[in-house]
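Here chain A shows up in two complexes: once beside chain B, once beside chain C.
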Partner chain A sequence: MDFGFCLSPSSHVQMDKIDLATFNRLKETNPDINTCIACGSCTATCTAGNFTEMSFRRILLMLQRGKEDEAKKMIQRCMLCGKCTLVCPRGINIRKILLDITR
Partner chain B sequence: MKENILIIGGGAAGMEAATQLKKLGLTPIIIEKSDALGGHIAQWDRLFPAFHPAKDVVAPMLESVKGIDVLLNTEVNDIQCDADGFKAVLTNGKTIDAKAVVLATGFDLFKAERKQEYGYGIYNNVITSLELEKFFRTGKDERINNPKKIGFVHCVGARDVKVGNTYCSKVCCTTALKQACEMKEVFPNAEVYTFYMDLRMFGPGYEDLYLKTQRDFDVKCIRGRVCEVSENMDGRLVIKAEDTLFGKPLKMTLDLLVLMCSMEKNKSIDKIQQQLGVANNSDGFMQNRDMYLGMNGTAKDGVFVAGTCTAPKSLPDTIAEARSVAVEVFNYINNK
Partner chain C sequence: MKIFDPFVLPFVLGMAFVLTYCFVGLIKVILQLPKDDRKKFLRSLVTPKTAWANIRDLFGDCLFHVKIWKRNPILGYMHSAIAFGWFMIIVIGHVMLFTLKPLQGVEIEGFARTFTNFYYPIFFKYFAEEGKIFGFLMDFFLLMIISGILIAVVKKIHSKIVGVKRVTKFGFADNMIRFALWTIFPFRLIAEKTNIYAFWWLYSIDLLIFMCMLPFTRYMHIPTEALFILLRHAGLNAREPRKGYALAQIYSCPSCGLCIDACPMSVNDKNSGNTSAYFMKKLRNGDTEEAKRIAETCLMCGKCVKVCPVSIESCDIKFSQRAETPYYVNSDHSYLDVILTEAQRSGEISSNNNKVLYFAGCMTQLTPKIMRAMKKIMESAGEEFQFLDENGGICCGRPMILSGKTAEAQAMIAKNTELIKKSGAKKLVLSCPICYKVFKDEYHLEGVEILHHTQYINELIKTGKLKVNKGDVNYVYHDPCELGRAFEIYDEPREVLEKAGNLRKAKSEKELSICCGGSLGSFNLTQKERDEITCNSVADLMFNNPDEIVTACPLCLKTFARKAPVAVKDIAEVVSSQL
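Now for the complex of A and B:
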């Protein structure tokens, strides 16, 4: 019988349960992936980000919080123009990392 | 003529001020309430940003105060001022006449149990930054048992109106990253997280330490303040924070949580400070004359301040102030 009640899933990121395989694989070939300081330059300059939700800063976070599917979906917006790599103050090779994620 | 300068506090500021005053031809006398010189820094293992052994800084300071009068296990009971200077009655019953007083009384570490939600003193695996430093120094702490997941909480007792401390304690950010790296050195397979609000890397080499922490030591910095700690059935810690960059609350199980305790004004000197007519500033530290050209002066002629009694400071800041207070005192004595 349906009483109209249901369980809401927790909105918490459960850090104990996330799978970091993709992020750790990327880290091996791109050690700079750890050095993001979340300044947002990549997102602000992103050509695709002007019209979509595309944000490299968020993609990195998604991979570290177990949201790989969302990250891969977001990457499809990227046009590989490389402006993000140009502006990154930490010198992260963002364009290469984006390509590596989809590989 | 013998010009006694009474220095209250035998930590970094007091020792360095005494050394410089002696070089300038005055007669410093250090009053230290504990049974040894060195203050807080003597309890530290290594210093940020370059993992320099603290004893390499403390040892030369101790060496250079040799020959200076030092009274250990002694406090000032009463102090009076007249036209000739100051008359201090000590806890050992002796009286000292001095031409000037340097308050180098330093700080107290924030008592972590006051932030009850972090569970210090309740859960076994919650420790303070000072206790971790002792572990690095001695290799011993039965609570640190090959931890697999370690968390650091920044701003414990700082930037927090609930404990009455709205100020930033300045050195804890850099200390947290230093200690996080050191934990990775001791436990290479552990995952280390720091929970920060801003990372305030204000000095030379500090930003390099941050980069090293991320890139070489693989420490994960999460922006968000831990708000709740509890213990699960296995005796491990479950923490809650918001990942404010990701915009979602987050839960994590840890084996060890380190609380980066802030500096608070050392209140054991309050009575003497009042007798001398030195007020506190809005952060509860001692009020200096002004923060630019009068940083070593106070509202009272002949009473000077140096080090963390006026605000949280790093060791280089403290040493610089101790040296400048010596010049201030020298000028004061010579222009009298």
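Now for the complex of A and C:
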């Protein structure tokens, strides 16, 4: 029956069952992601984020939650312009991480 | 008098090997060229303009080494003494051959005569008398070579004496062939002067070692450079990192290491291994993994290309190397379709062709003071203008191209082209050299004049539209890589700054300016490594104690601002404050 509204699907993540292979590999090659404070500067300046929901902060969160496919879908929007890297207060090489996720 | 001795055989063997190898290599390079490039190459050989350039550079670069002389006269003499001296000895040897007809009374014909001609000039003194004039010339050039070798030995022991800080580190093969080269000429001198039979053998065996190792070491640049000059003048582009044109460049690299001192990354000794000399070496040795890593670490500032005495376009090869790394994301930039121009957004469709269109670009969006300054300048000059991306624009596509994803960049290029064409403007002003580079190279904007704001402001001042009051601040100007080295826009910003204040010189200027360290070209450099480069560049700019550092690139501005001891400003800010 269609009520014109619905409950949102569960966003429950079972941390024991997810596959963190990509995130762990990323942590090894780019240890600087451990220093991320999720301030959102990258998201605020993102050129693609101006038009879409692209957000590096969320991409990192998705990978930590094992949602690799969603993260990769979001990266499709990226223009690699590098503003995120430039504004990061922790000096994280975000552009390299974005490229590494896709490899 | 004899006409043959067994000691000539090692030389003949070595020479035959080198000639065969070079011939096969030549065919290989030409076959590997893409079809249209091969046509272009063959056509360039008969086009008068390129043919003249070929002849000029074959003499200038291969024979007289003009570019090394310009860069460092001591190294110029060292290289010329050895290479030009050796060349002259061979030439004089052949000239003397003509004076000996028939060979010492022994009449030989046909193949035997050709065979004799092959080795005779190399061992002339053993077989015949040189005569007074030729004898003097031979001794003169031989001593010239040995003087060059002496400088080379000094350079090997302590390179700073000849003005070189860092030299390329060589492996076993390169060291051994160098030793062989250094000993060839003393052996010859001793053999000629004392006529001790054993030294003729040593001389010949040395030549054999040199020639057998030549194809596998850096000395392959001797024969390859000639081919490379021809290919370069044909206007080709390296499309694959190890094939065709790129292969000719790889073998033309003499690993001289002039790029090592020039490279901004060399400020950290650990990173001096990431310079072009090593990149080409890795490619030559087939070490693809390392070549890939170096290609992705490079800042792409282009300084190595400018200082290279062979003019190897290493940045282009790095681009093609980057393109080989797959990008497992199907870029989806379809969201760009809905973006409208400012005019469309505000509902007014302007058909005024006189207006100036201003495209700030991503980096300028991060430094809004440049946008404000540009607005003030254009208003006070009474220009009719429009912003293309005041409320957020899209990337120009250059960063994608820098990552080797040229195909993925097309979506952005197409959208920006559409927006600019729709606006109807005939003049496009950009604030960011990164954008400027891609707009000039990749965009097809026929009928639209593309200007960087340094050029535009200079034009406004020259036409009298803009009045600038001269202040008494001492400025130093930093040349952004993509404005200076890429397009040689050196004078316009300096003319503008001289109107606004006093211009002081940096230690390294124009084509030798040091990258700010913020370049989008590099992927692997960490923030710490970038900071080292920035500090080095700032120290270079502060050489004459200026009051302010001025640049023309928003990325340089942001990078310098973190480390500079004085204020860092964009040229537009300087001008707008002096109106």
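The rule is simple: the second predicted complex is superposed on the first by the 93 of 103 C-alpha atoms of A that agree within 3 Å, B and C clash if a C-alpha of one lies under 4 Å from a C-alpha of the other, contacts with A are read in each partner's own complex, and residues count from 1 in each chain.
In this text, contacts are C-beta pairs under 8 Å (C-beta built on N, C-alpha and C of every residue); 3 or more make two chains touch, one makes a residue touch a chain.
Note that the coordinates shown come from a computational prediction; the quantities given were computed from them, not determined experimentally.
Looking at the superposed three-chain arrangement on chain A, would you call chain B and chain C a clash or a fit?
They fit side by side.
Between chain B and chain C, whom does A:47 touch in the aligned arrangement: first, second, both, or neither?
second
I'd like to know which partner A:77 touches here: chain B for first, chain C for second, both or neither.
second
Counting touched residues of chain A, say whether chain B or chain C comes out ahead.
C
Under the stated touch criterion, which partner chain does A:87 make contact with: chain B (first), chain C (second), both, or neither?
A:87: touches chain C, not chain B.
Would you check which partner chain A:96 touches, where first means chain B only, second means chain C only, and both and neither mean what they say?
Touch status of A:96: second partner only.
Can A:32 be said to touch chain B (first), chain C (second), both, or neither?
both
Superposed on chain A, how close does chain B come to chain C by Cα atoms? Whole Å, please.
Scanning every C-alpha pair, the shortest chain B to chain C distance is 15 Å.
Residues on chain A in contact with chain B in one complex and with chain C in the other?
After superposing on chain A, chain A residues 32 contact both chain B and chain C.
What part of chain A is in contact with chain B in the complex they form?
11-16, 27, 31-32, 34-35, 37-38, 57-58, 61-62, 64-65, 90
In the complex formed with chain A, which residues of chain C make contact?
325-333, 335-336, 338-339, 362-363, 365-366, 392-395, 397, 399-400, 402-403, 405, 412, 518, 520, 523-528, 555, 558
Would you pull the chain B residues touching chain A in the complex into a rising list?
210-211, 214-215, 218, 220, 223, 240, 243, 245-246, 248-253
Can you name the residues of chain A that touch chain C in the complex?
Of all residues in chain A, those touching chain C are 32, 45, 47-48, 50-52, 72, 75-83, 86-87, 91-93, 95-96, 99, 102-103.
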